[in-house]
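Listed below are the structures to be examined.
What follows is a pair of complexes built around chain A, which joins chain B in one and chain C in the other.
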Partner chain A sequence: MTEGVATANAALRTRRRPRWRISEHPYIWVAPLTLLLLATYVYPAVEVVRFSFTNATLLNPEYEYTLRSYQALQRNTSLGGLLWITFLFVFASVVFQLLLGLLIALALNRGVNRNLPGVSVVRIVILSSWIVPGVAAGIVWQLIFSEASYGFLNSLLRDVGLPPVKWLSRPDIAIWSAVIANIWRGTAFSMILLYAGLVIIPKSLYEAAAVDGASAWRQFWYVTLPQLRPILLINTILISIFTLNTFDLILALTGGGPGRATEVLSLYAYNLVFRNFDLANGSVIAVVLLAISVVFTFFYIRLLPKENET
Partner chain B sequence: MAEVSVRKLIKRFGQFEVVHGIDFDVTDGEFMVLVGPSGCGKSTTLRMIAGLETVSDGEISINGELVNDVPPRDRDIAMVFQDYALYPHMSVKQNLGFGLKMRDMPRAKIEEAVQRTADILQIRELLDRKPKQLSGGQRQRVAIGRAIAREPQLFLFDEPLSNLDAKLRVEMRTQIKRLHIAFNATSIYVTHDQTEAMTLADRIVVLRGGVIEQVGTPDQLYNHPVNRFVAGFIGSPTMNFIDAELAESAGEASIVFNDGQTLPLTAAQRQSYASHKGQKVLFGVRPEHLTNVFTAENRGGAGLVPIEIPVEIVEPLGADTLVFSKLGGSEIVSRVAGSADLRPGTRIPVHVDMSRTHLFDPETGVRLTAT
Partner chain C sequence: MRMSTKQRLGDAGTYLAYLVVCLFFAGPLLWLISLSIRTAAEVYVSDIRLWPQNPTLDNYFSVLGNQLFPRYLWNGLLLSVAGAFGAMLFATPAAYALSRFEFPAKRPVMIGILAFQMISPLVIMVPLYRYMDRIGLTDSHFGASMLYIAVAAPLFTWMLKGFIDGIPRSLEEAAMIDGCTRFGAFLRVIMPLSLPGLTSAFVLNAILGWSQFIIPFILLSKPALQPIAVGIFNFQGTYNTTSTQVLAAASVLSIVPAIVTFLVLQRFIIGALTAGAVKG
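Take a look at the complex of A and B:
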């Protein structure tokens, strides 16, 4: 008798249509996000690439497809200088943001571990530099670097009896002024990222190292740095891309001057499009920036820790 | 090799005192176990000896040298942590050699020590793996290997086996014991597991609430506990405690339970408890001394008193069986022969080995002895 029931059940099961379940169709779940990403990231990128193959300007809605902008890029004699300025700006910013960010994160971590008062105030102060918009940061630093009588740094120098420095008007100094302003603005990001990396390193690793005979410096070298490695890599790539695309701060601080001493690629692209209304050539520069970012991103993906290692 | 001495050791976290001035000595080559319930200050004490925790008051000396302010790296100690604390980014080989590297030993010497250690712990084939690629037991071996590779003068263990499953724990326990017999290095071992303490220790410090209850060999703690806490903490299943009175019965000093049942004392006990006659006492007997098994020790002994107990719950362990029952109005456990066919509701004849029983002061918990 039980056998009969079993076959009847089996028959029922085969007859019933499998119900269509939304939970079994992953594409439906990722579709909204995919659309959003397509609309906000991929579409503009594709448009930039498309415009780079045209002779479009902001003044004339008509355009036709051509390779002239790329040919112009090859002939562009200022490109080398632009690339060099951009490299200096990105490289110096990244190195110092990492170093300073790490130093502050270490100090902060120490402070928290020792229950020092005021640690959270320090954290908020540092973070606030990060949320200041780039243009505002540029204006603030312009006041600081200003060579007029109210310039902050120069009046400090004057107070201690030193001659004023032409922070913004000497080409070889202005680029470093821009770097300093950008370091100030970007360090908080690295600090927060590295601090998050520091707090998750197990305390017992340091205790084991201390018992094993490692000095504070060797604990940093053999425990902290290797444990922080994945975050340091991610941090480096992210701030490289951020800095590469920074033009708002420089625009407000120096406008790319004096001359073109602080004109980085992204600012150049901005100037081409919004000052010269030259959409086509601006797009070509944007494509160059995009290409560099893609290379960085490629390294970023390659260097991300694999599943089975940390 | 090292001697450790701890004097009036106090630890405060802020206002909160957790270790209240404890004293003990560890002699050269001794395996000392700190045991006690959770939160009694075992780890804190061990970490002060390691130098990972500051000493609030009192003294810790290693080989006669005060080390209160000596940093961990200058104490020549090795420590095995509960969570192993292996360096995740280093291979097993690098983990084993790290302590030697930090002492700037030449590379060839390190390699040699690492290979030797790997042989001892049979982890040769794991040398190139990362800790993540190891099982719990293998990690444990590496953690112990990291400690012994350096040949320090003092080994510290903080519950090294508590993350392992039961079977592996017993295996590693034996391994640790074997290592200690082979190297005879001074060791201090923290655990809350009394079985681990009994099996490993040369001597045991029993801690409770930041004070020492008793220091002694496993045998001393088992046979001569100073108070009810130690008597109950050491031994498994735990000692049975029954409220009773030390009274005269049929002209002889006896234990009289609340329900009227009496147990006669041995001649020796009558003498030692003479001054406590008429007092309320707490009668303590271990399950293995309330049994139907005759052993070489107790056979024909003077103190065997036959009684019958009701069987309530039976827990067969194979070699022997635990019977949960009642005696003198209290819940008790007795350990009887494994072969016995026992049914709840029946009664079973057992004997109490009176010479192995203890009396405790019901107020203070202190064991009554000859006074």
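Take a look at the complex of A and C:
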């Protein structure tokens, strides 16, 4: 009897898993995507490293191998400034996007828990700024910061009797204007992630804390923040890379100016390759960008929960 | 009673926060719209009036009457849809395999998918431009589409795999016992059940494609081929300061399609977007 069932099962299994079927091979399924990614990411990444060791230009098909670009990088006196501006832009954007995103997520979560009307409207308003194309966001903020009479912020200052601010024409202010525009565009992403993280915190933790007499502040400090930690870390890494790669917003807002006050690394790489046609030196900067991404990605992958396979 | 006063104060504080947040996030867009419906003279009126005295839609007509602008919109739609559709073709089988099979290369492929999302399109465009130029793929929608697809495919796969993970295996196993091949079960069982996941991944990637700037900016130099994001950038470069209101109208037209699409389908998209990062 048991034997009969076993045979029947075996027969079923061979019917269920016909080994000769081509569709049983996982590599067939992932092959198209893998080939696409190899051709459009791995191959270019290798090429950009290779070009960084040459003297290639976009104009001349001939090139030879040399370390000149890396040597030039060492002598490049503007590099320190570029790195500092990039760091400032990324660091300030990330800090404020996280803080603002967390505050908004908390406010939304409270509104949902208390069944307050209008919460979904607020969420949609914030998400709209995230959907705006980067170039359009740059134009929008240029109209806000503009020092012409249609500039919103300076009109506001004038109405309350304050002197105008040179939002985009003073180097030390322009970088902060770019940061503000980037916070406006990027905060929604952090808000979505952190809100999703808040929602899955078990209610029982708060109840237990309340029973122990913990104030709202202590509940936030000892329950909410530790529970959010993994998502906060993942969020930090993702928006750091997104901000590092920001290009269109700054190009439309300031074009890297005044002078080079807002020229971040990605803009510099673009200018080198596609304005000066200097493929070799541009590749060096691209390699730097790539290396930073790789480091961040490494931490990101370590943070992600390992999948429990079934 | 004390509790309820405290809660009411809390509610008031929450609404105050909402107000500040809405002012910061909606304010710039409202200002853009306000400028876009002004006459040239009123742009230079120096008090802050959100609703102009003589509102006009002339700026919109002048933008849409422009020879190139409707083309930019069309190109933007074409490229973003082509990118999302192509990404779907590459992502769907891969997402299925990553969800259902165990194989040695699975983890490397998953990590690759995550890692490639971190690489700026600018970095890959630096070496690719040279080759695409040589084989005539610059100034072609086909060449640009391939890169739109490459940029969208990792996110598409990641989102869709998360969705397929949620479909019980028993359903396709039942179909296979009934004589379906695995491919048949994939087509007849998994694909129809994945429709919500496919839709949200498609829409989100199409919206991101609509915003895509670096790829078309570098690859497409002919204005007639450029999508809207590049179009308004060029527009910004060529307009003179007396036509700020027209630039504003053009910007509104570049934003509205993305936001409307997003609003209609937002519930779908947000759920799918957070699934990967929060689960586990």
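By definition in this document, the second predicted complex is superposed on the first by the 267 of 310 C-alpha atoms of A that agree within 3 Å, B and C clash if a C-alpha of one lies under 4 Å from a C-alpha of the other, contacts with A are read in each partner's own complex, and residues count from 1 in each chain.
Just so we're on the same page, contacts are C-beta pairs under 8 Å (C-beta built on N, C-alpha and C of every residue); 3 or more make two chains touch, one makes a residue touch a chain.
Every value quoted in this text rests on a predicted model; they were computed, and no experiment measured them.
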Contacts of A:Tyr27 with chain B and chain C, given as first, second, both or neither: second
Partner chain(s) touched by A:Ala291 [first = chain B, second = chain C, both, neither]: neither
Chain B or chain C, by number of chain A residues touched: C
Contacts of A:Leu58 with chain B and chain C, given as first, second, both or neither: second
Which superposed partner A:Ala208 touches (first chain B, second chain C, both, neither): first
Contacts of A:Tyr222 with chain B and chain C, given as first, second, both or neither: first
Chain A positions touched by chain B in one structure and by chain C in the second: 309
Interface residues, chain A side, partner chain C - complex: 12, 15-16, 18, 21, 23-24, 26-30, 32-34, 36-37, 39-41, 44-45, 47-48, 50-51, 56, 58, 103-104, 107, 110-111, 114, 116, 118-119, 122, 124-129, 131-136, 139-141, 143-144, 148-150, 152, 155-156, 158-159, 184, 187-188, 192-193, 196-197, 200, 231, 234, 241, 244-245, 247-248, 251-252, 266, 269-270, 273-274, 279, 282-283, 286, 289-290, 293-294, 296-297, 300-301, 304-305, 307, 309
Touching residues (chain side chain A, partner chain B) in the complex: 202, 204-205, 207-215, 218, 222-223, 226-227, 229, 308-310
In the complex with chain A, residue positions of chain C that touch it: 7, 10-11, 14-15, 17-18, 21-22, 24-29, 31-32, 35, 43-48, 89-91, 93-94, 96-98, 101-103, 105-106, 109, 111-116, 118-120, 122-130, 146-147, 149-150, 153-154, 157, 173, 176-177, 179, 181-183, 186, 207, 210-211, 213-214, 217-218, 228-230, 232-233, 236, 241, 244, 247-248, 251, 254-255, 258-259, 262-263, 266, 270, 273-274, 277-280
Residues on chain B engaged by chain A in the complex (per definition of touch): 50-52, 71-73, 77-79, 81, 83, 85-90, 98-99, 102-103, 130, 132-133, 146, 150
